[in-house]
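The data blocks that follow each hold one structure.
The same chain A turns up in both complexes below, where it pairs with chain B and then with chain C.
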Partner chain A sequence: MIQKKICMLGASAVGKTSLVKQFVEGIFSDKYLTSIGVKIDKKKLEVDETTVQLMLWDIEGVDRYAGFNPKYLRGAAAAIIVVDQTRTQSFLEGIEICRLVKLEKEIPIFLVANKSDLPKSESWDSAADCGVTSLFELSFSTSAKTGEGVEDMFLNVAKAALNK
Partner chain B sequence: MSALLYQELGIFDCVVLKHIKDDSFLIHFANDNWFNTLFPGMHVGDEIVLDDTPYYLVDFLYDAKEFWGLNSQGRINSGIWSEQVGRKVLRLEAAAISKKDENFLVLFNLENEYNKRQSTLQIARELLISNDKVLEQHEVIRERIEALAVQQNNRSSINLPVTEVIQGAEFGVAIISHEYQPIEQNPALFKLFEMQVGDGGQPAALLMDLCGRQFPEFQRILDTRSRWSGELYWMKPPSLSRWMQLTVCPIESEIDGLYWLLLVTDVSREKYLQQSNEKLTYFDVLTNLPNRQYYWQCLENAIDGGQSFFAMQLDIRQLKTINEVFGFAVGDTVLKELAERLRQLISPNDVLARIGGNEFAVILREAPHQNCEQIARRMVSDICAPYYVMEEQYKCSVGVSIGVSHFPYDSVIAEELMKYADLASFTAKQSGKNVVQFYSRELKDSSLRRMELEAALRDAIENGEFELFLQPILDLSTGKVSQAEALIRWRRPDVGLVFPDEFIPIAEKTGLIIAIGKWVIQEASRLLSQLHENGQYIKLSVNLSPAQVSDRSLLHFIKEHIETNEVDPTYLELELTEGVLVNDFERINHFLSEVRKLGVSVAIDDFGTGYSSLSYLPKLPIDFLKIDRSFIGELIDSESNKAIVLAILAMAESLKLGVIAEGVEVESQKAFLSKHRCQSAQGYLFSRPVPFDEFCKLL
Partner chain C sequence: MSSNRDSQASQFDENQQMEQLRSLVLGEDCQIVRDVVEESARDLVTNVLTEALHDRQKNDGSVTAVIAPLVEQSVESSVVARKDQFVSYLYPLVGSLVRKSVSSFLAEIIEQTNELLESSLTYKGLKWRFEARRAGISYSQYVVQKTFVFRVEQVLLIHKETGMLLKTVIRDKTQATDGDMVSAMLTAINDFVADSFSPQENELEQSLDEIKTDDFILLIKQGPKAMLVAAITGNPPAGIADKLQLTLESIHQIYNDELNDYDGDSSEFENTEQQLNECLLAQQKENKAEKKKLPWLAIGLLLLGFVGLVTYFSKGWEREGIANDIRTLNAPPGIVLLSSKTCGDKVCVEVLRDPVAQDVSTWISSVSDMDDILLTERSYRSLDERLQPQRLKKVANTFAELQFDPESGVFLGSLSRERYDQFQSMISVILESKSVQVIMDAVKLDEHNVSNTIALNKLANKVRLLPDVPGIVLLSADVCAESVCVEVLRDPDAQKASTWIRDIGSEKRIKIRERHFQAVDERLLPSRLARIVKMYPELVFDSDSLHITGSISVARFQELRTQLLGIPESISVDFLLNDVSVESQSLSERMSDELQLEQYIYDIKATKIRFDVNENQLPDIEIENIKRLGIKLDEIQRLAKNVKQTLFVIIMGTSTSGGTEAYNNKLSLDRANAVMKALIDAGIPSSILRTTGLGVFDRNIDTPKVIFDVVRPLSEENREVQD
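After this line comes the complex of A and B, so read on.
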């Protein structure tokens, strides 16, 4: 069976762990519990009649308390940068993380605007509409809470990881 | 035996694997409590192969093997990871260790450390996010109101759109006049202070009062029209209290002058959360330095101690630029390194604190071997030394202004010591250089004088206290007045005539230069029209400051006044300095081209003194060069000045530009210029700047 390592990156509290939990276990908790270090979860997917096991590296949020560690990218087939559409600052931090990933490794990078069940921050559109989305392979809108867009996003990431 | 005891005591809560070869290890020591969960069926003495799971550990083996290959003593760590085994989650960290030619992989169970760290980071991150959200909301409202203030065309339309924006805000918003009278206060603000709209309460006044009492620097912030953000504490006896995050922004409106915008959010929940963790209450998490609250206590303790000391306030500049260019992560790294550099310069008895986003403070004990000024200068040079960021690929730097007050010489009250250090730091910042400024009575007086001047300058526009003087420019071939430079003067009531070198720098710093500059254009157009009426067709030139050139409405303004006064635009000239030209070539080129299309001509003022990138000249739509007075002053005695002037004349001729020599004071200068075909000159030899009526007599 083919295994693909996918790194989940982003600022803190954007919903990386929740996305993985929704995708792997189909559950969601409203309570925010910050992650420390790394946790690896796996899930099998059928992509064009090929079974692929995604190794999802849920990495602690990059912020002033935890820096970006390029070693986590070793062997990764793709990176998912999660941002929180209720906080424009998380988008700017996501762009910065994208830049750091690109410096380190040539892999497809996906932008995931999470918390689509909540209203966007007022300055979101002006920040997001500045041409930076071209940095990403594809962009998705998801809600780890309702599950909207989550399966589809991971399926697309798996396809890209397989084709890499 | 002892290993078992240690294990019982939880001291050896680890697994030790000895590296045999490739991915094979010998289980050397293991804590039974969790070892079997991770490696079911394995025992001490067994061989184990790590080639698949745990995935994180297998990944770390790449680093471990590389490290062992170096044959160096020591260890490297993997960083914490969580290993899900069935329903149980282990919090682990691995270390690769080399000892006497033997290599070990040690796994630690960090359950307790993980929980402790998570509990601190949980609070810290919630605070960080909450702070981001508050600032973001404040910024959105500020931008909207600022945009509305700029867009509004007449006074009657002010309140309606602004009111609409703020009424719906979830947090408190107040707009107050420059005399601190409330213009707008939204319902959320009344609610924050437990007041009812219409019951006569004045939440904005209460806010201002709280700021004045809790922040020694607040009056200076208002006086200097600075932007500010901080946390306030409000108590309503007997039992109600709130923490509020306040942002104060000056909003300049061309029609209505200055407003203050106050944005307030209740952050009590976050504050109590913070207070539940002692480290977060007193320390800045980024730099690990004492925070403002703790610094305040230290300052009061130091005063109680009675030993003399200096209170220093360091204002770090250009951090915003670093955040914008390189991202916040790099900005944070720079702050951490900066804090470390400062830490190296003070002794253990001193206190170093981070009291604001870009502000640090130091209590420097006075001791025979410590010289405050030397230490402060060392701080300046160490802080300003480059920072190498992003794996040392890029270099960036910051600036600093340091203000210092002294206990007990300047004051024996903590609030005043902070206020005075802030004032000194602000004065240092105004100079635009990296300097150290000690507080003094004179400093306070001169600062007061400057603030008075600023206030008077604002009134001067409204009260019509400015006047344009005209200095004739002579055609050297005919000896007749061919044009004039319009120069502003301020007839200040009870003071007399104030010259521009005294008030223009202040106008530039406060942004008043835009309004003053427009008045000059308006008045010059009026005078030109009067000259036309008198049958005098003399060109008038007006000076433009760099800030004016950045004002997008300037072109329209010039056009409007040319049309209103029905003047021939070819008799209006704009003077810009060289520095303005090279700052933003594309924009300036566009602006000048549009000016030219109107028929207005362009001159380069103070030519030769600025950034002499001569390659710009042919590319820009320019008509005249004005040779700076410094070259003319010593023209006769200085061979190098002669050479420079001749070079400028030759260059201007080849570029087909007219030349005006400034500061001509003696006949010999005039003769030299005439001899070398300089077309025009101005200076005291011909006439000093004179009022309009007097100028007309010279024609």
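After this line comes the complex of A and C, so read on.
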């Protein structure tokens, strides 16, 4: 079995923990669990007949005042930057986080626009279309609440981690 | 052109010559070289074979692919062809492996059982259970804390950069934690610590060495590429850290490349298990006092259970044994054992038994007490000839009138028709027809008996028809054996039963059994009164008029009256005693007579009539004595009559010691007779006088004399009572 470390990053309350919870346990809790520092979960996947165990490092919400501990990125095979499509600000913060990650480590970075079950913010599209998506390996739209796109996103991340 | 051709020709020649030279040196088709190489080929290949295989294997791994099937085939054919030899090769190896495995398994089981007993069922165990529950940890964890100075529960080898778990070993598989998660979290915490307490630039990064909780210590050893983490309960000694450090260094040394190139595949670190296992150290607490404490509760319960089980099984075995013994017992004639098995706390025995056969309990008593046996007995008729004597004996008991010889089985005697038929039918059931005939021939049919029985029945009937007699009640009159048995109740004053039946005749054939009772029948009065009055001779009774006449003393009158009042029939006692007169002599007069009589008798006994030596004539000097004696004798006659006594006076003559015995005897008798004659002459009736000669009465006495005694045979009154 191959194990891969994946870091989940993003601004506060974009749904990182909920995404992991949805992926690992298949359930969603409306009650938001505040991440303290880092929360780790694991999940096994089958990718092209290879069993991969993803160690998901759910790193505390990052905002403009507090960065994240770059040591958490050590040994990561990929990073997922989660943004909240109802809050354009979270997207901007995601871009910043992406920059910080790239400074630290050369790994595939995935952009996940969460809360797809809710309507996008008005300025979302204009922000997303400013050509920054090239910073990311791939971008996905997910809903931690309905589970839509979650499996697919993690599967793609796992594939990318394996082929690193 | 020509020069060209020439040069070509010369070149051709050179080539040809070279060819020739080559063939000469190397032989045809390099045969000489080949031969030389072939000659040393073996040595050449031998020298480089191992290296060549190694290089090729390293290059493309094809050696394994080529050799593996060859090895497999060789092993297979060898196993098929030389199975025994293979078995002998493998035997020591497999044997010791199995032994080791089994002994280790057993040791583990014993250890676990011991621990369970020592810690689970004691008071201490219960207390620990309670405390573990209160502390919110599992019982086993609590026991470990209490039992060990320290114990390494789990060792984790973690890839430092990724935080991935490379390998973990756990002591207690049931307490397994998620190594993957622990590794990642530990790495995260370590990163957090390193970041939070970041030192000055260029200084070494801070890292965790130890994490302590109430129950656990996580001892962390950091290496350049990997971390070794030991989860320890208790207080680990310093040596354990060194051990971890050494192990971590050793792993770095061996797995340096794998650690450098780690890409998430932990299988390369499987072989570190042995090294990690060596880190699962433990030290047990030395608690001698507690060690000595035996789990009394458990031992008690176990003993109780054991004793119970042993008792239960031993009882069961005992019963099973009894059931078996009964099965093997030889059944006596007339008993068939159907089954013998244990049922509950008894042994159930089912038998068929002929009524004349031996008692089943007697038969079984040789193997068991009947208290333990539940006997079900059913009757049947056995055909066993050994039972014939018992059957014949039973017949003999029924026919007591026949003589039976148990040895020969022969019956002798005669029977009435009815009894004869009964006898025959009983015998026919027991014996075969041939034997029946033999038996019946010996028994005679007594026709006389028939008429005899009829006669007896008639006689009994006659008894029953006898007229009623006062004081006799007929209870039964039946034919019994050769006579008629009559049972009656009879009043003592009634006539005798034999007199009653005398009128029928044949009284010899009647056997009477009497029982006394008191009848109330006025017809019995004459006999009753006659019996009572007979006790009073001074009275006269007339049975016709029922009159009593005569004179009687006061005391006897009272006595008579009491007796008459006891008569059950109603009659006036005063009327009966109307003609009886009561004498005036009182009781005191009689007593005075008796006292006087005693006094006279005393005097008479003291009287002595002296005789001269060798003389049988009464001396004159004694005449006066004789007169006085005569008066006394008169008196005692009178008094004796008054008190209804009879007296005899014994006159005993004696002699002195001179002369022969016969002479002396005669002389003494003569003297007695002389005295008697003198008394008779004085008017004393000879009927009360008796004489005897005593001979020499006392050798010390020198004066011969006659002495007297008075004897009182039974008085008339007493004599009547005795009659």
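To be clear about the criterion, the second predicted complex is superposed on the first by the 161 of 164 C-alpha atoms of A that agree within 3 Å, B and C clash if a C-alpha of one lies under 4 Å from a C-alpha of the other, contacts with A are read in each partner's own complex, and residues count from 1 in each chain.
FYI, contacts are C-beta pairs under 8 Å (C-beta built on N, C-alpha and C of every residue); 3 or more make two chains touch, one makes a residue touch a chain.
As the structure is a prediction and not an experimental result, all values here were calculated from the model.
*Asks:* Under the superposition described at the top, does placing chain B and chain C together on chain A give a clash or a fit?
*Replies:* clash
*Asks:* Looking only at chain A, is it chain B or chain C that touches more of its residues?
*Replies:* It is B that touches the greater number of chain A residues.
*Asks:* Per the contact definition in the header, classify A:I40: touching chain B only (first), chain C only (second), both, or neither.
*Replies:* both
*Asks:* Quick check for you: in the superposed arrangement, does A:K21 touch first (chain B), second (chain C), both or neither?
*Replies:* Touch partners of A:K21: none, neither chain B nor chain C.
*Asks:* Applying the document's definition of touch, where does A:E93 land relative to chain B and chain C: first, second, both, or neither?
*Replies:* Once the two structures are laid over each other on A, A:E93 reaches chain B alone.
*Asks:* If we overlay the two complexes on their shared chain A, which of chain B and chain C does A:Q53 touch? Say first, second, both or neither.
*Replies:* Touch partner of A:Q53: chain C, not chain B.
*Asks:* Look at A:K4 in the shared chain and tell me whether it touches chain B only, chain C only, both, or neither; answer first, second, both or neither.
*Replies:* The second partner, chain C, only.
*Asks:* Would you check which partner chain A:K115 touches, where first means chain B only, second means chain C only, and both and neither mean what they say?
*Replies:* It touches nothing on chain B or chain C.
*Asks:* Where does A:G75 make contact in the superposed view: on chain B (first), on chain C (second), on both, or on neither?
*Replies:* Both partners, chain B and chain C.
*Asks:* Identify which of the listed stretches of chain C (204-212, 438-446 or 690-698) has C-alpha atoms clashing with chain B after the superposition.
*Replies:* 204-212
*Asks:* What is the shared patch of chain A, the residues that chain B and chain C both contact?
*Replies:* 37-38, 40-41, 55, 69, 71, 74-75.
*Asks:* Taking the complex as given, what residues does chain B use to touch chain A?
*Replies:* Against chain A, the touching part of chain B is residues 55-56, 59, 62-63, 79-82, 84, 91, 93, 114, 117-118, 121-122, 124-126, 128-129, 132-133, 136-137, 139-140, 285-286, 327-329, 332, 390.
*Asks:* Mind pulling up the chain A residues that touch chain C in the complex?
*Replies:* Touching chain C from chain A are residues 1-5, 37-38, 40-42, 52-53, 55, 57, 69, 71-72, 74-77, 161, 164.
*Asks:* Spell out the part of chain C that touches chain A in their complex, as residue ranges.
*Replies:* 159, 161-165, 178, 180-181, 184-185, 187-188, 191-192, 194-195, 263-267
*Asks:* Sort out for me which residues of chain A touch chain B in the complex.
*Replies:* Within the complex, chain A contacts chain B at residues 12-13, 32-41, 55, 61-65, 67-69, 71, 74-75, 86-89, 92-93, 95-96, 99, 103, 121-123.
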